[in-house]
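Following this message is one structure expressed as structure tokens.
Order of writing sets the labels: A, B, C and D. Residues in every chain begin at 1.
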Amino acid sequence: MNTTLSAILLLSVPGYPLLLAFPALRSRSPWPCHIALLPAVILLAVPAAFSVDLPWLLFGSGLAVGERSRWLLAMAVVLWAAAATLLRAPANQPESNHLTTFFLLTLAGSLGAILATDLVGFFTFSTLMGYGFYGLLVNGGEMAAQRAGRVYLALLILADLALFEALLIVAAVTDDLSFGAAHQAVAPSASLNLYLSMVLIGFALKAGIWPLHFWLLPAFRSARPAAALLLGGVPIATGLLGAVRWLPLGEISSPGLGLALQWLGVGAMLHAIVAGRMQGQLKMLPAYAAIFATGLFITALGAGLADSAAGSRYGDLAHLFIVSLGFGLAVLTVGIGWLAARSPDAIAPAKRAGDPAPWFERWPGAAVRWGAQMGSDTLPRLRGSWLAAAGRLWQIRAWQSALDGGERSLQRWAFAITLLLLLGVAVAFIGALS
Amino acid sequence: MIPAVLYALVGMGLFALGLFALIVHTHLLRKILAINVMASGVFLVLVALAARTRGAAPDPVPHAMVITGIVVAVSATALALALMLRVSAETGRAELPEEPLE
Amino acid sequence: MSWDTGMPLLVLASSLLPGLVIFFLPEERVVTRTTLNLAGATLKLALVGVMIWGVLYGHHYETRLPILPGLDLVLRADPLSILFVALSSILWLVTTVYAIGYLEGSPNRSRFFGFFSLCVTATVGVALAGNLITFLLFYELLTLVTYPLIVHRGTEVARRAGRTYLFYTIAGGTLLLLGTVWLYTLAGSLDFTARGFLSGLDGAHHTALVIIFVLLIGGLGVKAALIPLHGWLPQAMVAPAPVSALLHAVAVVKAGAFGIMRVVYDVYGIQFAATLGVTLPLAIVAAVTIIYGSMRALFQDDLKRRLAFSTVSQVAYIVLGIAIVGPVATIGGLVHLVHQGVMKITLFFCAGNLAETLGIHKVSEMNGVGRRMPWTMAAFTIGTFGMIGAPPLAGFISKWYLGVGALDGGQGWVVFILAGSSLLNAGYFLPILYAAWFKAPPDSWPAERSFGRRETAWALLAPPVVTALLTLAAGLLASAPFSPLQWAHFITTLEYAL
Amino acid sequence: MPWLHWGVIAIVLPLAGAMSCFLWPRRAIPLGLVTALGIVACVAGLGWQLVEQGAQRYVVGGWGAPLGIDLYADGLSLLMLMATAAVGLGVSIYSIGYFNREKARYFWPLWMFLWAALNALFLSADIFNLYVTLELLGLAAVALVALAGGAEALTGAMRYLLVSLLGSLFYLLGVALLYHSSGSVDIAILAARVESSPAVWAAVGLISAGLLLKTALFPLHFWLPSTHASAPAPVSALLSALVVKASFYILLRLWLEIFPPTSAVLGQLLALLGAAAVLWGGLQALRQTRLKMLIAYSTVAQLGYLFLAFPLASITGWTGALYMLLSHAVAKTAIFMAVGNILYFGGHDRIADLDRVVQRLPLTVTAFALAGASIMGLPPSGGFIAKWLLLEAAIRSGQWWWGGILILGGLLSAAWVFKVVGYAFTRSRAPHESRAVPVGMEWSALAMSMVAILLGLFASWPLALMEIGLPFGGKGAE
């Protein structure tokens, strides 16, 4: 296969869904969500490693498919195809039209992230995926879904900020932002620890790893079937993939951080078991399974960070782990959905919509209100009062009468001529003196 | 020399007197007269100062100036009087308002 | 006079002459007026294209006109001015199309378009100014010709807004004048020179130079809306939408920011400014403005007011990029000059569309508007994400260079300012998007006008869509030749003698 | 010596014009216009001559000083003549539409007479001749003010006449003393002979006081606002632009040539009064509710600027003051014309009731705004150049506080200009009757304001003309 053709194919994997996301461009095609997957399917069918360099894109970017990403791509294609099928259920409504758009945007982001070969490219696609998925969660949903979306969005922004900082750290030491070069550049740099923590926080937020899993539970609780099916394979999997791609595994040994991560992972697994037991809702089972699995992942990641030899081996395994995680969660979700359809009693009703906002939503709200009181309202008020004072000063009668009286007295003959004489005398006197 | 200085001092006195009258009087005719008195004072000063050196013939230049000045003063007085008549016809009083009309 | 010396004059004339002719056109000569407007805008764009090519190939475009002994009026096209000229001429074309659609059927259009053209002329003059006095001239001219645009509607509110605007800008211009004269008496020259012309001055003058810097920045900061000199900007949004768009994106605030660039790079020279110790305070002022503007935007319900405070914050990014010493941050500041313009003009176009088509002026009225006007809101969405700095849009590129430049220049704290500002940007923009796309639309809009099957008039829809695409392209194709980023690189190599 | 003819013609021609307008009142307008064009041509010829040959002195009739009349022309007088020609031409064209037939009969002869007096004043080479021309100027100006008729204008004219005579008498007394102490009235001879003595200082005091009264420097401006506001618009323009400047010209001339060099304290005193005028006039202007009153007070403020150059005592400072004078003359003419149009149009000049005049008289408002830009010193305008030069001189001489006064004054003028322009955009509560303004009046106002702007763009030419004969190169350059 020649390079042009492969480049077009690679580009069209994320590009075609993006194009179809414009409602005008898909109005004629009957199965837009499925058709959008076609380039990816073709790419899977051709068993060769492709890559394309896009020096004009952003700061110079690229796409590639290799041995590891092929598995991830396969997982994604299967999950997306299934979700697309589930999505078709509601008939032609404006909501469903929007939904299709968000679906395709998310799809493009998710596939692009898998193929990206550099930090900025990955960042871009995962951001696209994130915002698209937010739309998928929220669109036409209930109160609970909207709250879940809101939480997800807030965390997404925080995560992007953290990752942006990480990117800046890399960019400060190297101009080449492809994964390999970045790893090599950042490994010996002084701000390695900052970089590692930013990356870990960012992707932990994106993947909903305990204890930063705020968005995970509400999302699982309220997502519609198609979105629920994708939860494991798309946001979580992309988050985990990001951690694997961005961390310089195999280049560094950081035992302290590794140990901390391992403890965190164990904690996550314990939390999943205990909290899952106490919750006792069948619908929430995939959520706790996800927390458990990501905990396991973090434990292994910790081991990989602690020792560079383990790290390089772990890199390969991690991809497979992500693939199976995505599949597993999807199967679990579908299975429970099927159970629920058979016997609705088996699933306890979700919490009612009117429940109070969770703490992580209340506190920032209060902080913002406080900020409004302190920071932004006082200054204009101050200025307003100052202006009012100035206005009053201008209106004071003393000024007015001084100006009026001064002018009136200047208009009098006697006064004016006296002044004139004085002036003449003063000039003569001053001159004669000097 | 002595008479010349005397004339000059008298001229100065006339000037001051006219100035005083100009300030004090409100009637326009009096003001115009005051201006004329002042002018006469200045002319007197000019004529007096023409005798610059004792015994020598007086300098003719100030005299020429005085003649010119008188011409100017006459025409100015004529204009002033005409204007005064118009003012009194228009306002009924031959006085200037202390403050400008609003 | 050869082509090279006449070129800057031609560029000015391409908007000046149509403007002057338009003043005398009767109100009902719509076609002539439109043709003149568009022809002028297109011609200017073509001329600027020629100048870009020429500057790359070493042509020296310069017009000189003596005004005072030893002082000339200089119009010169250097790479920095080309950046600003290109921005203003592209956006002028787009805004002209928009204004034609926006003002269709409203009174006093000849006056409006006349001043509109003069406004662009003044902006281009600001861009092409080759020394401080020429800059001052066009800077003040800009104040004068924007005033009729702000009070265009002739209401009491507009008159007050115009008064506030003038109060600020005239005072600012005065400071600028004072600083310029003082500088002239010290240095004896005012010509913009890459890397500045003051570093050779006697050390005894350094205190005076610091005071002059404060005067100059104070004067320019009024238009660039640095706090506490920003008070006019939110009030000036009573102007018609195309005017707000032009004011916020191209003309007024940009003239201020561009002037700060000139002063820091081409009068003082960034290294010399750093030696004087004036860059850090400037950076702090910019940082405070960034955060303060965003905070205020957070609590505005009026859409245009929210956008106005967002401008306060975003223009300070440019200043921040200037104030950080180092080539990367400079690139960030330069490129944001263009990027902010393209993004903010998109947002104002969209706000105008909402007001004009549905009568929506407030954020709280925007529920579900995405379904009624999907194209407009799609453009708006791109604009807001660009502002937040989401990849791969234009704002991301700017923020990227500012962040890397800050680390590069040893100003790590700036990164936190950027992060905080992104957060606040998201805080005041995303709720709008949420309401527009996900909330249910009301039964009826405040004042709906029907345009048949289209969501609004063509002339209103095309400009925001085009500028939204430009926002996308400026980010995606940042590494392509002739992108704003590449041009900023080009300028930076000159300013730092790399 | 061919140039002489130009100078003499520039004086004789308007006199002849005045006579012919008086004799053939029906043809007054064409006669006046032809004369105006002729004078402009004369001044241009004189300018060309001066550029070619430098400063010139001419002995009228062949009798030299002290008895004969000498004329002297250098850059300073040339600039004043040119300002007069420019303003005069504009006002001539403007007044075609402004005055009805009855008024035109009186206006044209008087105006030509005034012009002759101005030209003669600027060309005079001795201080007594200056007195005569000053008196002629005053009488013509008073008659022109009275032309408006009505109590307000007549009392204004009367007051003006008395003030003018008073000022002239002070001046004449000073001349007498000067003559006594040095035996000549010729400026050049006086410059060589004058020494610092009590008599000379008494003369300086009297002359300064008289001229300051005529120039209406604060606090002696009491007569100016009512007079300028009550006169017909073209006359107000002439008074503000030229007549008050004539006495300033004499002061400047005498200061540069004759006054003893140790007058630094006096310079500070004058600048102090000037600064007070700038602030007081600006504040009073801002408080006015009537347009013409406002403009008149602005003249008070602008005259203050001229005196700021005295303590600076540098070529840049003098050039700045002279440029200020020139651009103010042109700009104020344009403003008075614009205000005249507004008055003609709406029949009133209440600022708050301008009632969207910007839509109905766009050219007039443009003229007002452009001229206003020059008055407040925004670039590109003559006012800006003047302000720049004065600021530069102030900073160079280390007396930056005078620069601060300039800046404050500019802000105050900006405040009143935009107060007016702002109301021109809004609608007033009650509708007003209006009548159409002749096209010529609108265009001449616009043309004058364009000249004010062009003075900023092509400043190097007038500045080069000022150099002829180095009027500031003497004592002032120290």
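Assume a contact is a pair of C-beta atoms (placed from the backbone, for glycine too) under 8 Å apart; a residue touches a chain by one contact, two chains touch by 3 or more.
Here the structure is a predicted model, which is why all the values come from computation and not from measurement.
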item: Taking each chain's C-alpha mean as its centre, the one farthest from subunit B; value: A
item: Chain with minimal offset from the mean of all protein Cα atoms; value: C
item: Subunit B-subunit D separation of Cα centroids, rounded to whole Å; value: 27
item: Euclidean distance of C-alpha centroids - subunit B vs subunit C, Å; value: 67
item: Distance from subunit D to subunit A - Cα centre to Cα centre, in angstrom; value: 70
item: Residue numbers of subunit B (touch at least two other chains); value: 22, 96, 100
item: Multi-chain contact sites of subunit C, meaning residues that touch two or more partners; value: none
item: Residue numbers of subunit A (touch at least two other chains); value: 411-412, 417, 421
item: Chain-level touch network, classified as line, ring, star, complete or other; value: other
item: Chain pairs in mutual contact under the definition given at the outset; value: A-B, A-C, A-D, B-D, C-D
item: Residue numbers on subunit C that touch subunit A, as the complex places them; value: 228, 231, 292, 295-296, 298-299, 371, 374, 385, 388-392, 396-397, 399-400, 403-404, 407-408, 415, 419, 422-423, 426-427, 430, 434, 437-438, 475-480
item: Parts of subunit B lying in touch with subunit D, wherever the complex brings them together; value: 15, 22, 28, 31-32, 35, 38-39, 42, 45-46, 49, 52, 59-62, 64-65, 68-69, 72, 75-76, 79-80, 83-84, 86-87, 90-91, 96-97, 100-101
item: Touching residues (chain side subunit D, partner subunit C) in the complex; value: 356, 358-359, 362, 369, 373, 376-380, 384-385, 387-389, 391-392, 395-396, 403, 407, 410-411, 414, 418-419, 421-423, 425-427, 456-460, 463
item: Residues of subunit B touching subunit A in the complex; value: 19, 22-24, 96, 98-100
item: Residue numbers on subunit A that touch subunit C, as the complex places them; value: 23, 55-60, 94, 98, 120, 123-124, 127, 131, 135, 138-140, 146, 153, 157-158, 160-161, 164-165, 167-169, 171-172, 368, 371-372, 375-377, 379-380, 383
